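Given below, in the form of structure tokens, are the structures.
Note that chain A is present in both complexes that follow, paired respectively with chain B and with chain C.
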Partner chain A sequence: MSAARPVEQVLWWLAAIPATMVIIVGFGLPLVQSLVASFTRDGVLTLANYELVYRLYRQDVVYTVMVAAAGLVLTFGIGIPLSGYLRLRHSQTAEFLLKVPLFVPFVVVGHAMRIFLAPRGTLPSLLHALGLVSPDTTLAISEGWIGLPIALAWKHLALVVLLLMGAFRGVGEEYLEAARGFGAGTFRQIWAVLVPMAAPSIGLAAVLSLTSMLASFSIPLMMTKGSGPQMLMIDLYHRYGLHGDFGTASAIGVVSYLLAAGAAYYYLKGVMRQ
Partner chain B sequence: MNATGLRAPNLRDRPRGLLALALRAALVAVLLGAIVGPLAGLVLWSVAERWHWPALLPQQVGLKYWARITQGDLLAALTRGVAIASVTTVAALVTAIPVSYGAARARLPLGPVLLMLFLLPQAFPQLPVFASAAVLFYRWNLAGTYAGVVLIHLVGGLVYAVWTMTAVFRAIGEDIEEAAINLGASVTRTFFRISLPLALPGVVASSILVFIYSLDEFTGTLLVGAPYVTTLPVYMYTASLGYELQIASVTALVLMVPGVLLLVLMERFLRAEYLAFFGRL
Partner chain C sequence: MRRLVAVLVVLVAVAATGPTGYGQSRVTLQVAIAADVNVVEVHRNFLGVAFSKNHPTVGFNVVGTGTGEAASRAIYAKLKAQADAGRRNWDIDVALVSMRYAAQMARENLLHRFTSDLQFAPYVVGPDTVRAFGVDIKGYVVPMFRNQIAIAYNPHFVSKPPRTFAELETWVRANPRRFGYNGIRGGVSGIGFTMGWVFYKTGQYDLFVQGPYDKAHEGMIRSSVEQLREFNRNVTVTSGNAGTLDALNRGEIWMGAVWVDQLVAWKNEGRMNPEITPVLIGPGLPIYPLYLTVPREAANRDWAARYIDLVANPHIQAKVIVEQFGWYPGIDPNRVMPLVSDKAKALLFRGVTAEDLARYSRQMPLAEYYDFILLAYEEIVR
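Up next, the complex of A and B:
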């Protein structure tokens, strides 16, 4: 490509400034400010915010990791066999259905799952109508730690299947034919051929989903009530909104950055080893 | 083909064929239930005028709550959201195109670094950064204003716009631009007369992505805009918080309309990499 003339070079740079400024002002600056605020209180450098996070929210850190891990296991426990099956045997209906959650916003998923899984929600009333559960038992699916992974998996499954199907389609048909030649059924073809060959893509999809689940805010906000352990983002929102404590809220934020970075680090380490 | 050559394939395959068919039907049925189930709950709640537990269906159904779309707060939040999304989309596309084109054609020497900057917002949890942005916006008198909400929507919108547009410009062959330049056209003229018209379908797809992102954006609007500038997602949250489940469900269904329309209409036209961006909404 012939090089642009110097004047045009400058013009392109100038034209790129507004978008760059938006990212710096709307993202870069706030990010730096939250890092600084997490280490200051009343203008003094201190670790007091982190001490408070440790004292009040350490169980919530564990809870957040557990919920995200459960969501991840659920998403991939369903997503891997499903994508593998659909790679081997196409089903337009199934593929279309799986795309639907992609287009449902997170807040809507939260609200839909709340009214679906609540003690008096649509699912419990359906189970009662079918005679599977007596009307006296309370099915508190949405409020416990079971509802969140289900809702998170519901939303993330679509993207994961999309990514995995892409990766599985990249696996040459000749490998699958060879496996079939040795008598491998659908299950064996998925586990012995597709999964190992698409391992890097599966890892990437897992890191993307895990970081998104760790940082999930609108789904837990819509689904959970004030009592019991909370997701970290809910704690952050309350620290910030109800208590007006930006320092501690920022410290929770930094913990969430570290969790996300940790997931990315483990993934990169795995890639390097290969 | 049967590699062992000894096994009679038909004896084994016929029952397996039936089993496979049953498995397939079961799979589609389970998926249908799992995916449509929660959404069906929304539809039921949106028309439930009276619903006593544990009845499976509402005792009295009607469109009383749907009528709220045409009046009052819900309509105001909807039009406000559409206006914000329109401004955000135009601003995102106009500012993103120079970055994308510059990066795709290596006209900006630091193109790759610049692109990484636009990936950064995806790598960090949103809420802590947006909470911090809200503190800054408050100081700058941008909190609770349209300008503030558009600015916070632009952060996310630009990520989608820059990355999809870079892919679009990369897909356009450079040789056709070379030809124009060799014939004496300037780089800028080539861009406006050759590259941009060729990129138009991609620009449209990118605009739709940004528009829907802005329409559905919740976290930034809640922190920066509320309570003065509320859009549909925030309105839905407030309704749900006040146990107005019917209103919240109507709003949720309205929020799903653009996405579902796009899914049905554009399934064939939308490339998989654009679809992947939707997972982040």
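Up next, the complex of A and C:
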């Protein structure tokens, strides 16, 4: 490959300006602004915002990480075997059904899950009709811990399957044939061949889902109640919308960046090693 | 290609001229509504249309900014930014905002004092048109309607509803998790209940509403909030006002703190068990009006004031605000209620009488106390 001529190089730089400006103005500037705001209160440099985050929301940081982690485990626990199975035994209908959640907005998922899982919602009513629970049992799965990861997993499964299917299809048929030749069953082919060979894509899908779950807002807003631990994005909204406290809201934002950056760091480290 | 460019040029030219291109005197009133879609619809489809009939040169652009305090905050942030930028002719002419942000905007000199010029100015009465959150708001606001927080109960399960906070406490102990409210994150009805609780436990309503703020009282507030934490152990915390109404409707809870207007509206729409009845309990629960305001540098301040005058017209208040939407009147009820049909009166005052309103309607505390109570709640109750 020959080096680009100077004129061409200038043109390339010019062409890159709009995109770079979008990143600087739309992402970099607000990032710096929120960083500065998180260390400022009434125009004075301070750690007060972080103190308040620690005092009021430290449980919520843990809660957010746990919910996202549970959602991730659930998504991949279902997504990997499912994508592997579909790679080995093609089914157009199943693939189509799996893609449906991609087109359902987050807020609709939140509302649907709230109705579905509410103490007297569709699922508990169904269980009652089947005689599995008594009508007075309140199954509080819509609230937090269990309901949220279920809803998040349902929404993210489609994207994960889409990414994994692509990666699994990239694995050459000869490897699978060889595995089958040694008597590997479906599970073994997925676990010993597809997963290791598609590891980078699985890592990418995991980072994408985890950051999206950490940042989820509308599903927790629709599904959770006004008490107990809460997802950080709700705290952020609450701090800003109700209290008009931009400083603390920014500090919560910075904590969220760090959580997301942590996930991305591990992924990048893995990629570099390869 | 050339034709495409021509079309674009024409489109840009039309967009830049806008409706004013048709005549110099034509104006478009920019109305920003920090409330639910139904309130946006009232301005768009009823009040705006009615006004334009008499003033054909005035058109309306009604925008809803959402619900809850965040919606009012969005309007505040926009006006503040225009003020800070030193801009003239701000782009909002009429803003409907919550009590809290109306007070904040009055304090920060973002509002135009306009009510003295109104035909119906004498009907703008009540303590909440004079002070809000400890700020002097007289002249800056006209309540579009008043909204009362009340305890709604299902008579099927509750034969003798409580009349005081103390009775409610006893009832909740005897009926665990059958009372619900939305905490402080789910909207102002839960916040109002919390404020009412602090008034009840501390017995210091006047102090908190009139001020001045004194840090010495923070201990008293914290201890009342600690008692609220105990109370909450037997309570169902719902997700928002609609969540409380839903839970009441499904029979999951038997009693809950709700907005009266939403209860009446849901009953009108057939979405709510008609048996559910509101009751106001002593020492009282906050009333929370939504105020019509005119920003200080609004481009069309005079038209804005005339439009608000229409909303303050007792006939409009009776027919649109009370009869059609089931809200309590924003202006002097003595001027409005004689014009309201008996049916609408019965619906509005079922459970909560006009006397109850006079006795038990409370104001929100000063901004500093309000913020401190919310902080204490977040820290102690969660």
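In this section, the second predicted complex is superposed on the first by the 244 of 274 C-alpha atoms of A that agree within 3 Å, B and C clash if a C-alpha of one lies under 4 Å from a C-alpha of the other, contacts with A are read in each partner's own complex, and residues count from 1 in each chain.
Simple rule for what comes next: contacts are C-beta pairs under 8 Å (C-beta built on N, C-alpha and C of every residue); 3 or more make two chains touch, one makes a residue touch a chain.
Being a predicted model, the structure only gives us computed values, none of them experimental.
More residues of chain A are touched by B (comparison of chain B with chain C). Using the contact criterion defined above for the overlaid structures, shared-chain residue A:Pro30 touches chain B, although it does not reach chain C.
In the superposition on chain A, A:Glu8 makes contact with chain B only, not with chain C.
By the touch criterion defined above, A:His238 lies against chain C but remains apart from chain B after alignment on the C-alpha atoms of chain A. Judged by the touch definition given at the top, the superposed model places A:Gly166 against chain B, while chain C stays out of reach. In the superposed model, A:Leu74 lies in contact with neither chain B nor chain C. In the superposition on chain A, A:Arg120 contacts both chain B and chain C.
When the two complexes are overlaid on their common chain A, residue A:Arg55 makes contact with chain C while staying clear of chain B.
When both complexes are overlaid on chain A, the residue A:Gly228 reaches chain C alone and has no touch with chain B.
Common to the chain B and chain C contact sets on chain A are residues 114, 120, 222, 237, 240. Chain A meets chain B in the complex at residues 1-2, 4-5, 8-9, 11-13, 15-16, 18-20, 22-23, 25-31, 33-34, 37, 82, 85, 89, 91, 93-94, 96-109, 111-116, 120-126, 128-129, 135, 154, 156, 158-159, 162-163, 166, 181-183, 211-212, 214-215, 217-218, 221-222, 233, 236-237, 240, 246, 249-250, 252-254, 256-257, 260, 264. Chain contact summary for the complex, chain B toward chain A: residues 1, 3-4, 20, 24, 27-28, 31-32, 34-42, 44-45, 53-56, 95-96, 98-99, 101-102, 105-108, 114, 117-118, 120-121, 123-133, 135-136, 151-152, 154-155, 158, 162, 174, 177-178, 181-182, 186-188, 216, 218-219, 233, 236-237, 240, 245, 248-249, 252, 255-256, 259-260, 262-263, 267, 272, 275-276, 278-281. Chain C contributes residues 68-70, 73, 76, 104, 182-186, 190, 232, 237-240, 243, 250-252, 371, 374, 378-379, 381-382 to its touches with chain A in the complex. The part of chain A that touches chain C in the complex is made up of residues 55-56, 59, 114, 118-120, 138, 222-230, 234, 237-238, 240-244.
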